[in-house]
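These notes are about the structure you will find just below.
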Amino acid sequence: MDIKKLLEGVKAGAISVEEAETKLKMKPFDDLRYAIIDHHRQIRSGCPEVIYCAGKTVAQVEGIIRNMLENDSDILATRASEEIAQAVLALHPEAEWNPSARTIVIRRRSAAQAGEGRILVITAGTSDMPVADEAVVTAEFLGNKVERLCDVGVAGLHRLLSKLERIASANVIIVIAGMEGALASVVGGLTDKPVIAVPTSVGYGASFGGVAALLSMLNSCANSVAVVNIDNGFGAACIASSINRINR
Amino acid sequence: MDIKKLLEGVKAGAISVEEAETKLKMKPFDDLRYAIIDHHRQIRSGCPEVIYCAGKTVAQVEGIIRNMLENDSDILATRASEEIAQAVLALHPEAEWNPSARTIVIRRRSAAQAGEGRILVITAGTSDMPVADEAVVTAEFLGNKVERLCDVGVAGLHRLLSKLERIASANVIIVIAGMEGALASVVGGLTDKPVIAVPTSVGYGASFGGVAALLSMLNSCANSVAVVNIDNGFGAACIASSINRINR
Amino acid sequence: MDIKKLLEGVKAGAISVEEAETKLKMKPFDDLRYAIIDHHRQIRSGCPEVIYCAGKTVAQVEGIIRNMLENDSDILATRASEEIAQAVLALHPEAEWNPSARTIVIRRRSAAQAGEGRILVITAGTSDMPVADEAVVTAEFLGNKVERLCDVGVAGLHRLLSKLERIASANVIIVIAGMEGALASVVGGLTDKPVIAVPTSVGYGASFGGVAALLSMLNSCANSVAVVNIDNGFGAACIASSINRINR
Amino acid sequence: MDIKKLLEGVKAGAISVEEAETKLKMKPFDDLRYAIIDHHRQIRSGCPEVIYCAGKTVAQVEGIIRNMLENDSDILATRASEEIAQAVLALHPEAEWNPSARTIVIRRRSAAQAGEGRILVITAGTSDMPVADEAVVTAEFLGNKVERLCDVGVAGLHRLLSKLERIASANVIIVIAGMEGALASVVGGLTDKPVIAVPTSVGYGASFGGVAALLSMLNSCANSVAVVNIDNGFGAACIASSINRINR
Amino acid sequence: MDIKKLLEGVKAGAISVEEAETKLKMKPFDDLRYAIIDHHRQIRSGCPEVIYCAGKTVAQVEGIIRNMLENDSDILATRASEEIAQAVLALHPEAEWNPSARTIVIRRRSAAQAGEGRILVITAGTSDMPVADEAVVTAEFLGNKVERLCDVGVAGLHRLLSKLERIASANVIIVIAGMEGALASVVGGLTDKPVIAVPTSVGYGASFGGVAALLSMLNSCANSVAVVNIDNGFGAACIASSINRINR
Amino acid sequence: MDIKKLLEGVKAGAISVEEAETKLKMKPFDDLRYAIIDHHRQIRSGCPEVIYCAGKTVAQVEGIIRNMLENDSDILATRASEEIAQAVLALHPEAEWNPSARTIVIRRRSAAQAGEGRILVITAGTSDMPVADEAVVTAEFLGNKVERLCDVGVAGLHRLLSKLERIASANVIIVIAGMEGALASVVGGLTDKPVIAVPTSVGYGASFGGVAALLSMLNSCANSVAVVNIDNGFGAACIASSINRINR
Amino acid sequence: MDIKKLLEGVKAGAISVEEAETKLKMKPFDDLRYAIIDHHRQIRSGCPEVIYCAGKTVAQVEGIIRNMLENDSDILATRASEEIAQAVLALHPEAEWNPSARTIVIRRRSAAQAGEGRILVITAGTSDMPVADEAVVTAEFLGNKVERLCDVGVAGLHRLLSKLERIASANVIIVIAGMEGALASVVGGLTDKPVIAVPTSVGYGASFGGVAALLSMLNSCANSVAVVNIDNGFGAACIASSINRINR
Amino acid sequence: MDIKKLLEGVKAGAISVEEAETKLKMKPFDDLRYAIIDHHRQIRSGCPEVIYCAGKTVAQVEGIIRNMLENDSDILATRASEEIAQAVLALHPEAEWNPSARTIVIRRRSAAQAGEGRILVITAGTSDMPVADEAVVTAEFLGNKVERLCDVGVAGLHRLLSKLERIASANVIIVIAGMEGALASVVGGLTDKPVIAVPTSVGYGASFGGVAALLSMLNSCANSVAVVNIDNGFGAACIASSINRINR
């Protein structure tokens, strides 16, 4: 529904007041819908669509991507299995598949830059790397400069303490840790920047698939720590990117 | 330990290389300690100390505040019982006690302004107000402009939808909700700004003291939502403030 | 915003197309808001407002009720403490306070009748009665005919089996039970009517405040059982009433 | 036991009072049994038997279906694996297997129509479709008119808001959502019809296999929402159908 | 309904077959009801009624007891608060109130003896005594010979091992333990008699109100251990008594 | 250590008092050990050894069985995989493997009869059969007469109610049910015999692998119900057998 | 039973071999019992008895202490309420009551010294002090040298890092922390001494009464960390003391 | 950074005071880092590096081991799959792979001996052996004398009681048990040595993957018991080794 045309029709007498009122009441969201899509999907700002592959069939993902390719959209697919990746590569050989991050990226336009600020992605251990990879791919896809700091878990504190400058110079910090997730509190205590904590399912026994790290992070004694779902590198990158865009 | 003096002593031959080496190894954190305090406690940036009163005796809180008053610090005390508030008011009648927020604020200096950006605090229902009050008092204490949007729970969606402009114009949004906590996802879907979600213990039965809202927010289908602990209005304000300061 | 006036203004040329377009986009929900209130709050159908008192101060509840009395609304307040009840009775002595149900009802208009169908409220034991009382008060307030069947827990099955006729003649059945909550499955197996199951916090130890009954009801081997929150007699009555109104 | 024949035997003196008394006491449920089957299984109302395949061997399912085919029953089998489906198709090639819904339907009679009212099945995302498919197949099997509304999760609210008319025109609404399950509350706030909420196991990490959505739905701030077990599309359709039949 | 009279009426022609058939179908449980009460409530075996006081008002308990006193029943009331006990003592000064067990016993008839076998009640620590007292009062009320073995927790194994004879000579053993509940497994390994394990809420922190002991007992590596609810001394005595009556 | 020989040595002066004292203090359990084995393993009563296969390798199970065969023991192996069963059948072709119960039985002596009393095993649904099979095989192996009552879940109550005689004539009743586990309470209300309840992992979603049934059974409103671990048909049979042996 | 006397009786012919054999089999633990008490209660090593007051009545605690005073025992009572403390002080005015630690100590003998090694008790925050006090009182009561390091939570890491020497010089370290409990991992990474971690119930919301800290500590990425129950300062001191005694 | 060289440069005037100050502030942890590695990784004490293989790819483990082989380090790899083991054996055929413990050990130097004291590893059942194997391999790798006591679960207490001497002669005891984990309490009651308890995931149903044993051990009524994560044989050996080294 084109509100302007409708109003012009009313002005011109081609559409009665009553008819226009009904249309406006019945479909009041048509316009807003696109506005929200604009905002949310950032069509105007060149920000790409994201496909969450888990729970979708190969055929469904193929269908969505074919559609988006026709519209020349940039594409990010997350949680993509190898089977899905192969199908997408068959469709579009230029797609970049990252098997550790489980992401597929297709770039059709040049990315809008999110600004000068950097997002720093810190991981506690080697096993947290796939989640970090998802965060890095996502944050870069959203136009951010991203830096990594790996394997700096709190049991060997000196490794982290030797990198204070890099922590100090980031705009936002994503801390990714499994097991007891203590790294989020320690980093949070070393910076005044917002810390987005990602618990990972790394661990066994009483880690309960990441619950120990999740609870640890939610109860952080450092003040500026907020938490996303277990293994949710994608979500951490999204909010870090939205933070990184502020006041740009 | 004054590193500069030490080094000058080494240069001057007053201190041997071995002695200096030992001192530097034994107390390598003296300097850094103050630097971290600077950063964390923001001594240089005029940011005030915070006293978490829960689990402290009245005498302990009195002692800390007396000390801080002597140092002319600005003071924020959270989770203050009426008993603690009365004791602090007896010490310092100008203290501002907010019984709903359970906060005590003592201002000795004018607050550093965090910038032009506003923090928007949205609550789902009337019962979430004490948590919102804690967030508002904290965010203002940290020098932010804060705005509120109350009682806009998702069961009456029109109330929220009529306020889209206010949502669009904030820098950061704090969403405070108990029960099923769905408001965080709905707000997250209506904005591209970072959303800090605070689950509250409002509810009964299977809300499990805020766990239902917490899980709901952690599983938000909106991308830019991060979560703090149940009823943690203070922590939400801290990270929102640290976000609001970025790129200022 | 009055859409009709706006459109008439456009037709008359008093409001430009652009101005009207802006207003419609900026506040598209003003009209809808009232329509949704109509639906949800059932202003047109004579259905009363409901005040959930838990987490509200006495002053807040008084304020809301004073407002509603001025508007001649029918009022239902749930989870009302004795302190709140006394305050409301002081305001309006005709208010009906049910201390077991913890409800306050104020009737200003005659209730719209929900139809011929009856809602049957079945309880397993004496301790489940407060929840049943809340359900009965609510369902009657919403204009339904309500019948009760008490203390028919499955450990004495004959009590229930002797009442099959009453079960058969109801439109909707609310089953209220704590402990192991088995009554919902047994009743569900004896009827083809929809069963709304309410777990109660009656029990101790491994009942975990109603969780045992909740899980039992969610896993019912009877097909037509749906569940509401622990101790949520109000909610059960609401959905039972909405069912009882269908096809009236 | 045929009570009438027994009584005639007593009247005729062929059966002694004592013998009859013993029979009536010993097997008082024979008659009732069939009456309950009537009610429960709806033999009189043309409603078909349902086989829950999970935990049954292929041979067991085959045996049950062979038996039912001999009795010319309509058949619905749920949670049927491909292996079971192939075995049933071998037995009865006209069987309709829906691999997404995991259902097998065999129609021998024309379905009794449940009435004019429609059941509306709403899903939040693409991954919730198998549960929706089970609900739709079941509801149609039970003789209901069913309509779908897909992929209208709350993160893109406009999609849902543009369909208010369809929501308004249904008799009962089944809302199917995983992750944070907020859709149930939002739909519940937009309608006065009964909402049956189905949490799904869609999600990861702190969704705990559907627990987050389950708790969210149980704590819905919308009043007329009742909940069935995680992924229980079948059960939702059963109670929706029993609601849809009322006052027909 | 008196089935015999009905049948005699049919035989005599005073009642038609159809009328009798209707009565038998409509109220088929009247007779059975009493038979089940007989069985369950053990009217024939002189076994007394039991009143679970938790969740009942003083007035409700008084009413039930007054009724039972008129019928000369023996009475056991469990979970009786001091307030309830005082009210019952006012009604019937001969009532025996056990404040530790929270039981009230009123004896009007001499107890039926359950047989020669003894029930042995073993407790791990002093804090488990109230639960043991409830078990002992109940078991004696049901006519059993009961013996106790106290404070024989596994941290001082010698205390238990010095009592093997008493363990060997009991018919059934009730093991009552909080904290880690290990006593049930140890006793279960020392006897071939049935062991009924009662977890208690004794403990703190990760005992979770008895959950640790409950899980411990459910996972006992000793084979002949079955478990009742946390703090359920009454239930343990009931099943122990039903075991003690077998083959008498 | 042979206590008798030792004492005879002391008497004969061949062993000094001090040496004997040391031996008795150092190894005081050698004798008792065998006595406990007697009791526990029931060597004297002809009761067989039991091998729990889960977590044992094929080689370990083979080794144990070879050993026992040499000692002419009767053997029961539980939780035996097909791989283990094939290995045992290769060792001893007369072994009876029950793939549903996952048991292997090897009989070398005729079973000691546990007495006249019968154990009745009741199951709610077809999917509970493997657990029932384990219970039946075990109870028979321990020398008990066992009877079954299958598929009498509470959603079709008439099926159970038509079998009251069989319930009444058993010595002990094992009730096996998954989903909401309500059958235990219903059976417990229909009998004065001890009921051993076995929750099963049958169900999905909020059944949490049998937790819903477990909690339901622990909170049974019927008094004489005790519970064993989820899917523990073996343990239920053991305690039922120990009950069935009492007062024989 | 005096084994030596028994054996002398056998040697002397005063006791028959059979009689002695029976006695030895019947009461084989009399001797061992005292030996175990020796070991466990450390009668020989001058180590005092401990009374856990929670769940004991004032009269019970008074009785135990009166008894022990008569035996001139040293006494430690833990979890003592003020009411119990006042009663004990009335009995024995020299008793030392520590209201923060909730301990009562009565010294009759000089403590056996556990050795040169020190136990270091580290706390994260002020609110953890009562648990630390219980640990310190207990460890000193058991004869250990104890040192404290307070308020060194990981959010201000410099405070901890400035105390590395004290950490390095302890024999055993007790780390006491609530909220996210990260301090245990950080300390564990800074030392090669055994770390006993005590989670405390300090925190709110998703700390779940200490569960977050407990899980964090159980999943510590530092290797030499073992954990005791929430708030169990006493237990931590016991095991630390037993470690401190090794190889003394 | 070599502090000594830096200081000599300052002394010699080759490095300015300011430059040195900056370097020391910027990288204050370089030296400490190695010191901590020294301590933690025990380079000076000949203690080997440990590789936790879970969550690492084969290539990552190969890379780390190749590196360490070049440095002539002793190597312990835990949680090594067969695939990883084969890759490591291909690299270094002298590697010792223990498939039950899932460990790989490569010895290049002779182990530093931890002292005379022995670590005793006690297991409840055969299925706990892999965890015990991991503990034994680790403890021996760290230079400890290790002894085992297997299959002494509490259901056959005599087996344990016959080994009191071995328990008494150990320095530290590791107790490994699944199911109800009662062995930790029983052993803790029989010794005054520190007990490190390892819950295992052995069990089913309500053992919840080791949670029942974990809670049991955390709630031990024996005082000197501390607990590590479920199945964490490695961690238990680490802390036992650190205990065994004290006062050596």
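Read from first to last, the chains carry the letters A, B, C, D, E, F, G and H; within each, the first residue is number 1.
Please note the rule applied: contacts are C-beta pairs under 8 Å (C-beta built on N, C-alpha and C of every residue); 3 or more make two chains touch, one makes a residue touch a chain.
Computed from a predicted structure; not experimentally measured.
In the contact between chain B and chain C, the residue numbers used by both copies make up under half of all numbers at that interface.
The interface of D-E is repeated, with over half of its contact pairs matching by residue number, by F-G among A-H, F-G or B-G. Remark: among chain pairs A-B and F-G, A-B carries the greater number of C-beta contacts. Chain centres here are Cα means. That of chain A falls 40 Å from that of chain C. Chain B and chain E have Cα centroids lying 54 Å from one another.
One simple way to say how far apart two chains are is to compare their mean CA positions; for chain C and chain F this gives 49 Å. Along chain C, residues 28-29, 32, 36, 40, 125, 155-157, 161, 189-190, 205-207, 211, 214, 218-219, 223, 229 each make contact with two or more other chains. All chain pairs that touch, listed by label, are A-B, A-C, A-D, A-G, A-H, B-C, B-D, B-G, B-H, C-D, C-E, C-F, D-E, D-F, E-F, E-G, E-H, F-G, F-H, G-H.
Residues of chain F touching chain G in their complex: 3-4, 7-8, 10-11, 13, 17-18, 20-21, 24-25, 28-29, 31-32, 35.
Considering their complex, residues 125-127, 155-159, 161-162, 165, 202, 204-207 of chain A touch chain H. Only residues 26-30, 32-34, 36-37, 40, 54-56, 60, 199, 201, 209-211, 214, 229-232 of chain C touch chain B when the two sit together in their complex.
On chain D, the positions that touch chain C within their shared complex are 36, 39-40, 42, 50, 115, 117, 168, 171-172, 189-196, 214, 218-219, 223-229, 234-236, 238-239, 241-248.
Residue ranges on chain D touching chain B, taken from their complex, read 124-125, 153-157, 161, 179-182, 184-186, 188-190, 203, 205-208, 211-213, 215-223.
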